[in-house]
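Beneath this line is the structure, given in structure tokens, with notes to follow.
Letters A, B, C and D mark the chains as written, and numbering starts fresh at 1 in each.
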């Protein structure tokens, strides 16, 4: 039984990690930090854990001895202050923020608006998308867990780019449930504002853009240009990203689907389907990919639960790989369906 | 053309007042205050007013000369600081907060947690529910606009109480859309928290409770005891209050409906219906009342749009009465239906 | 490994059973019937099962040899045609419809509008609410799985009735997500109709009423009168039932909560909480119970996921008991939280 | 006072027409047909009309004498059976279906799957988008009211195409509320299916595609290729279409917005805004257009209420033009905002 901790256990990704880990057969959550909830029982704050957890939040992680891995579920900019110490103490780390997703410190400061203070680990961090970088993750000490939008878009686009089937220009019209924006109340997430609307934001400036381009490059060797338009839709969980790419040759829908099936045929968590469904994957670590061919373009869909395959579930998947546990352990449940 | 102003034009009730007044045939909105938006064009903040309003927000109402009436759409406790000066300057006032709804300063401090600082006007204020107190409103200088829950519950219960058909014990299980809670983001109104839930709050302690008891007393001479359980439901606009009262004699559904029809048959905005529908009244100043008889009890429903008949529409209806304008002017539109 | 089948695998309760059983450690779903989908792979219809199931729908259950238990997830009136044959062949049965929930054939025909054709098994059927009737379920050959509303209301009311703390008159104002109404499209479940509304229906006539009264009687020996008002709210999964009962003596909130804690303190799936939360139980077999005291009344809440603890999860819990499996097997996951 | 009728008054567009016409100052709704509701009072079926309408549904329109204009709000394929008779009797007609939107009978049969039986009137029909074809509409006897998606996409794209600012290749990723799909219950609009999802459908095959291309051609003389991906989102009313077009020269966001402002600066119902908002236009005939420039592309948004500017409101706007009434009469209300 491996022992793991979470830095930042109050927010949605930390809370979701606790939900997944509390029934994990091979890993035990032994420490969970929270500044605001330090001292309180975890199951009094996250009442869905009633019966599943006896531990209380602590201010800090304290001694890392006895810990095999720590998840950092803190806001951007915080993780790079925590990671160096953890790595130095010999514990493996999965960071769920954006701090270690870009390999270039220069690009980081361009997109995140401040300097990167841990360039050493930035070099070594592995992008935690198992379907593309499984072997690298197995060997990694530090994994940068991908963004939710990014995972959905990369899964839908990378195979076609690598196969040379489409051009380098990607339009990603992405729709996300509101839980993707985190647990801090704000005008945009205020129910009367967003509950019956579709709200575009960060048009062309969303920070997942460079990690998509970088991951696709690492996977395929090809440089792409991603035009990303995120939009909030009034659902709690789920992302559907509609991706538009120009075909380089005259391929049918069947030809295109064949590329996906070849890429994902052996995967447990990624499925090519004729009709993508958010509800079929909600609550689970599964993702759907689907595609159509229209007017010489591929319209590809990437669908997942932003808190599971788009965040904490994928992090557990990475943890399993890093610790030599069965890849599906603790996250082997189907989506809700309804 | 009467000239009116609004103190507090940024929040939902102030914003809704501006929406209703911008096409009012007999009243002109000439001043709209907002601390945070002072100096900005109203239509840049409330973009639904594009083409309807050229005025800008001001810090204060300034000179009241030339104003016939002022709406105070500020939080509880603020209005009683504004009202005395307005009344003294000879302008009529409609207060949309709870500050003038209870006639007893003692009861006010019990339910609102602080002293009332304007007991003089508190005595004179008229409760602005036209279907019950039309004549009093016509003569009033200060109207306390009813709460949204209160309006729905009073409309459903008062006729039966007055008719002596039911006992004095009222259970009001009330469901409200989230806009009733105002525009300030908070954890309870955070979409990921409330978007797929039903959230009871202020159980037995909601401040609309005493105004319901007081209004029913004024109307019927009968003292009631209201057990009120408010619950947020994930809709934007609309309240459905389910009210339970014990029948004092053996009346059929038809007998009960007859009492309502007698009360509301001549009303323009309140309708007795077989099946109440939130959507039929949303966007309008209309309300539905409906009832069933089960196990010797009446199950009565009061349905309205919390921002219109439950707040700003009712305020305009009161304004019309106070200024001698046709009662339906500016609010004579049907509900959306869908 | 026990082997089980489902009659009626297309609808929501059958589909949810397949979701829960596909990862059950001690039971294997070997046959799943569907008239409309016979011959199709289950995972092509229920795409959330991709990777979890290789079986195809069949027209009929065929040979029951080798089956330990069959779930009947068919509409009311269908089950009583299927059950006698199954019971006679020696297989245990859990019926998820209302066919076997009332012990009196007379009462059945009053509430369901047609005669009961299997009075023999009707006598023997056990009401499948483990927290109240665990021992009876263990010994049963035929379990009538409780209704979703009924489970939420019984859990909230039965302990107080049995303790003699409250009177026999129960008002149950129940709010349900739309999945409780099944998968057949209808005007009431049409999104533009119900998506921004609260819709009361079957006021005082809902068929769960008599099973609530009967189960409470069996548990406590006390006859109650339930006034039930079901209301659809625009959420997918979840029920919150607000139950009103008059206190017989002067008890505090703490006193009342103590009764619940005594009843449910040892239960794995039912939790007394200060603030009930639909999201904390959605996707899980857990239920929340909570209570307040107002004006000499208890306001009690029963909260659960209508498809899990309100239907298929509870059915699996019963199956575990009937087959001697660990009670929590296959349903031991926390709610989603968000 | 002009007198008008509606063929098909039960469905959403017919019902919405009745809502708008019931307070129209210069037009009176005198006849409303419905096969299923013939004989019933309109306000008993559309309860939002309580107090606004005394007429009853009739089976047929009967005598057209005394009618100035008839709206046909019937399914595709039905209108072309009704229109010839109406036109021959000298009454003006606005058809809200797709029957008269395409000028080529050949294209009609390609996209609608059956022959057009009224090619004569098909030639003469005017596409009822006043902001583009106001003068033609004024002179028309038969107006084909545009589709809801089509209106949102044309308003967002046509000005840039005409100005030569962008290429001919348009990607329209369109999100619609569910009321756009009509009032007939179906699996896709079943709340448990669509209430927490985003559902792409008719990818590249939606029938609004050719009318967009045709309207833009008529307006600009330029042939475009539209790749349209409609997606249902769980809101009742509202469309947000995200349109992607490649810039032909290096224009800034300001340059692009200038083109829109020039086009729509004098319009009452179309507004260029920095941040588009569905809620700002819901319930009204107003539309928002907005744009950004990213990676050499324009990302343009067209936003409207699908039942008003996307259907019945636009039809009333056309009626006003055809009958010489003030263009804004009966539809001069701001959006709800919240």
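By definition in this document, contacts are C-beta pairs under 8 Å (C-beta built on N, C-alpha and C of every residue); 3 or more make two chains touch, one makes a residue touch a chain.
Predicted model only: the values in this text are computed from it and were never measured.
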| item | value |
| --- | --- |
| Reference chain C; chain at largest CA-centroid distance | D |
| Whole-Å gap between the CA centroids of chain C and chain D | 45 |
| For chain A paired with chain D, centre-to-centre distance based on mean C-alpha positions, whole Å | 40 |
| Distance between chain centroids, defined by C-alpha means - chain A, chain C (Å) | 35 |
| Where chain A touches two or more other chains at once, by residue number | 12, 177, 179, 192, 196, 234-237, 277, 279, 338 |
| Overall pattern in which the protein chains touch one another (line/ring/star/complete/other) | complete |
| Partner chain A, residues of chain D touching it in the complex | 169, 171, 173, 175, 177, 192-193, 196-198, 200, 203-204, 225, 227, 229, 231, 233-238, 240, 242, 244, 276-279, 282, 292-295, 297, 299, 301, 338 |
| Touching residues on chain B, where the partner in the complex is chain A | 12, 177-179, 181, 183, 185-187, 189-192, 194-196, 234-236 |
| Chain D residues within the chain B interface of the complex | 12, 15-16, 19, 22-23, 46-52, 179, 196, 236-237, 268, 271, 273, 275, 277, 279-281, 283-284, 286, 288, 307, 332-338 |
